[in-house]
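First comes the structure, then the notes that go with it.
Going in written order, the chains are labelled A, B and C, and every chain counts its residues from 1.
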């Protein structure tokens, strides 16, 4: 079946209808969440009671809008803090790792590559508990040897950052390595030939080539970190990131403020995602 | 050749990859301002040789001198040679002007001076207003010229070109051959041109080195290579040739008689290599254009009656495939006159060969 | 040459630190912990009691089995629903439509999973949109509860991992030369044989990559089964969380973790074996 091959109009219509139905399935839950963020009602659902922006900007209980909801605002900043560090760290290590596998041959390279991919086939919850167990072992050991209590090794944002970093780096490495593989290494030789030192070659030729991939990987890392739940839940301490705060609210049953938060996330990550696609697309052309 | 006048000299260069010797004891010197080509089939070691000159590979033995000084310990970014890459390697994320300015900026040349130099070199390659263009906006021939400009703006002692015409289509390639030759004249820089295409090497070069299996078979002007090949490989690789194998059946010191297994007998000049002893096995090379056809064959030393197997029409390059008595088939260029008209498949035609047209070399392994 | 060695070690060190400190050693530590038995307060012995406990309490293996079976069903459903769409985008849609459809596929997934699950809760619950719509159409007489059952879990799982099936499928099918399909027809094939003999074998690396990721996401999921499933809809990950967070029985929790890891690794390995693919040519394209 191809666009160029003749098909019966009925089949063509049925196929297009199926695809359309699929997109309705994809869009419906998000549309519902978004619409009820503006419902003038205590509950996120029917009936429709009229339009309001209270769930975004409401100042008092019971109509507390998200910008005045302390726990949600705190959750947002915790998530942003975690996502920033995860992005910075994973981009750095992903870049060095991509170069390691692209440019160097060493013993057990195949095995090392499989280890690099392993975090993708370990469930997030297990990554979380193994890091929790190990960091506690370390903390206990340090405590019994020196008497110091290293609070960073107890559940909290630091461990959340490490836990997310452990698998997001794999994803970032794959994105960067894919672009590095398509890099024409004679460009580096040409630059050397024109008088550039190896460091200058890297800064003026290789890095600019990788820039779209670095940007794209950065956005992906930030978004995955921001929306991560499984690993975060287990490593999280007293400062809950946004997803954990939302989960608690959802189980309690909440006002449409959750819808408002969701809309904000949709708009924010949608914009970031689009930006990423645009940058990637531009990079592909050059 | 006086090595002091040479821009580039290689002495006994050897490069091995494991058990394989890619470049095997190659020596040559290129005089200032000349166009020098290294011609050979793919895998003959010519690219390895070029990479050693540019500094991307280190020879296992031998020395490379530029303007009389060894550059073996000079890293590629400080060698006074520049390279036009096979696929040009223009930086896709920069404009044309930025590409050309790249080398000058690495030298710390001042901005105003860079701008002047870039404008100057663009003018010389005939693309004065291409500066702000992106690389993907250029045509194949323009990219070619920009790649040359990018290297020439640095005023290198030697410009190395690694089969830069390979990626172009046929028409453009023909055009670029002429243009490259003119550019070299204009800049007056020494060009070292690597290619597997004999017509590129023959048309543009002052001197050509024919390379095979890591060694230089012969170095000379295009005319020397064509008219006086010194090895069987050169005779077969440069120009077209009919190739036969024959035994010496008579020799008198000034020439010899050779006979193929099929029973064709030819009077020939003395072989280029090997002594014409009776029974000696020789490879014969006969150029299609050195065979006289029809009336012109009348006074030839070797006069053969042949049957036309096929006529290969190609304008001025039209040829016939002719079967000689005994069964050997050879190609001959059609004479450029109306006489070609009656030459049809199945017709009988007279072919003539002078002794000098029968070039022979002692057969390898014989 | 010495400079090259230095660069190698500078690149190798962060990689090794990452994999050793955050993946290998923690898992070894977790294995050790899972083999620790509490005999009295602060007194421990080494043994397999935690694993024996797992096997002896019927609800644990049963939950694991249920989780695995449901994850496999979710993976198969995701493939069946997603493949025609991926094929449509890769081979039938043209130009702008194609780009737009592809973007439309991606966009829902830039939103947190928790928001997506929340959307399904709003749709499926007793007072939700679908219940109201059914009543409005007169198909039911009163509110219907569509949430808290196994079907809801499956809907959520398929929805939430759709992207990870569709994107690898699109990229492999898109890379296939149209002429292969045309040749299939030219040589006398019909729609079905061309699909099963040419397109699907060609797309196999993408299918396996998508299946592995979707399966792992389903198996390791917590949000969807917890929020959309009922009391009977316990997921194995929930058992792990409850050992760690509510019961503080880390030893048993670690054993559970290891059992889940072993199960998932074995199934991924089996899938790769059966399909003749490798981890590097599917996930590590």
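Criterion: a contact is a pair of C-beta atoms (placed from the backbone, for glycine too) under 8 Å apart; a residue touches a chain by one contact, two chains touch by 3 or more.
Remember, predicted model here, so these are calculated numbers, not experimental data.
**Q** With respect to inter-chain C-beta contacts, which pair, A-C or A-B, contains the greater number?
**A** A-C
**Q** Which chain wins if you rank chains by how close their C-alpha centre is to the centre of all protein C-alpha atoms?
**A** When every chain is reduced to its C-alpha mean, the one closest to the whole-protein mean is A.
**Q** Rounded to a whole Å, what is the gap between the Cα centroids of chain B and chain C?
**A** Their C-alpha centroids are separated by 60 Å.
**Q** Averaging over Cα atoms per chain, report the distance between chain A and chain C in Å.
**A** Distance between chain centres, rounded to whole Å: 16 Å.
**Q** Rounded to the nearest whole Å, what is the centre-to-centre distance of chain A and chain B, using the mean of the C-alpha atoms as each centre?
**A** Chain centres of chain A and chain B, defined by C-alpha means, are spaced 57 Å apart.
**Q** Chain B: which residues touch two or more other chains?
**A** none
**Q** Please name which positions on chain C make contact with chain A in the complex.
**A** Touch list, chain C to chain A: 8, 10-12, 14-15, 18-19, 22-27, 29-30, 33, 81, 84-85, 87-88, 91-94, 101, 103-108, 110-116, 118-123, 125, 127-129, 132, 159, 162, 178, 181-182, 185, 191, 194-195, 212-213, 216, 219-223, 227, 237, 240-241, 244-245, 250, 253-254, 257, 260-261, 264-265, 268, 279-280, 283-285.
**Q** Under the definition above, what is the set of chain A residues touching chain C in their complex?
**A** That would be residues 1-5, 15-16, 18-19, 22-23, 25-33, 36, 43-46, 92-93, 96-97, 99-100, 103-104, 106, 110, 112-127, 129-134, 137, 162-163, 165-166, 169, 174, 178, 223, 226-227, 229-230, 233-234, 243, 246-247, 250-251, 258-259, 262, 265-266, 269-270, 272-273, 277 of chain A.
**Q** Inside the complex, what are the residues of chain B that reach chain A?
**A** Residues 54-56, 75-79, 81-83, 85-87, 89-93, 102-103, 106-107, 136, 150-151, 154 of chain B touch chain A in their complex.
**Q** Per the contact definition, I'd like the list of chain A residues that touch chain B in the complex.
**A** My answer: residues 184, 186-187, 189-198, 200, 204-205, 208-209, 285-286.
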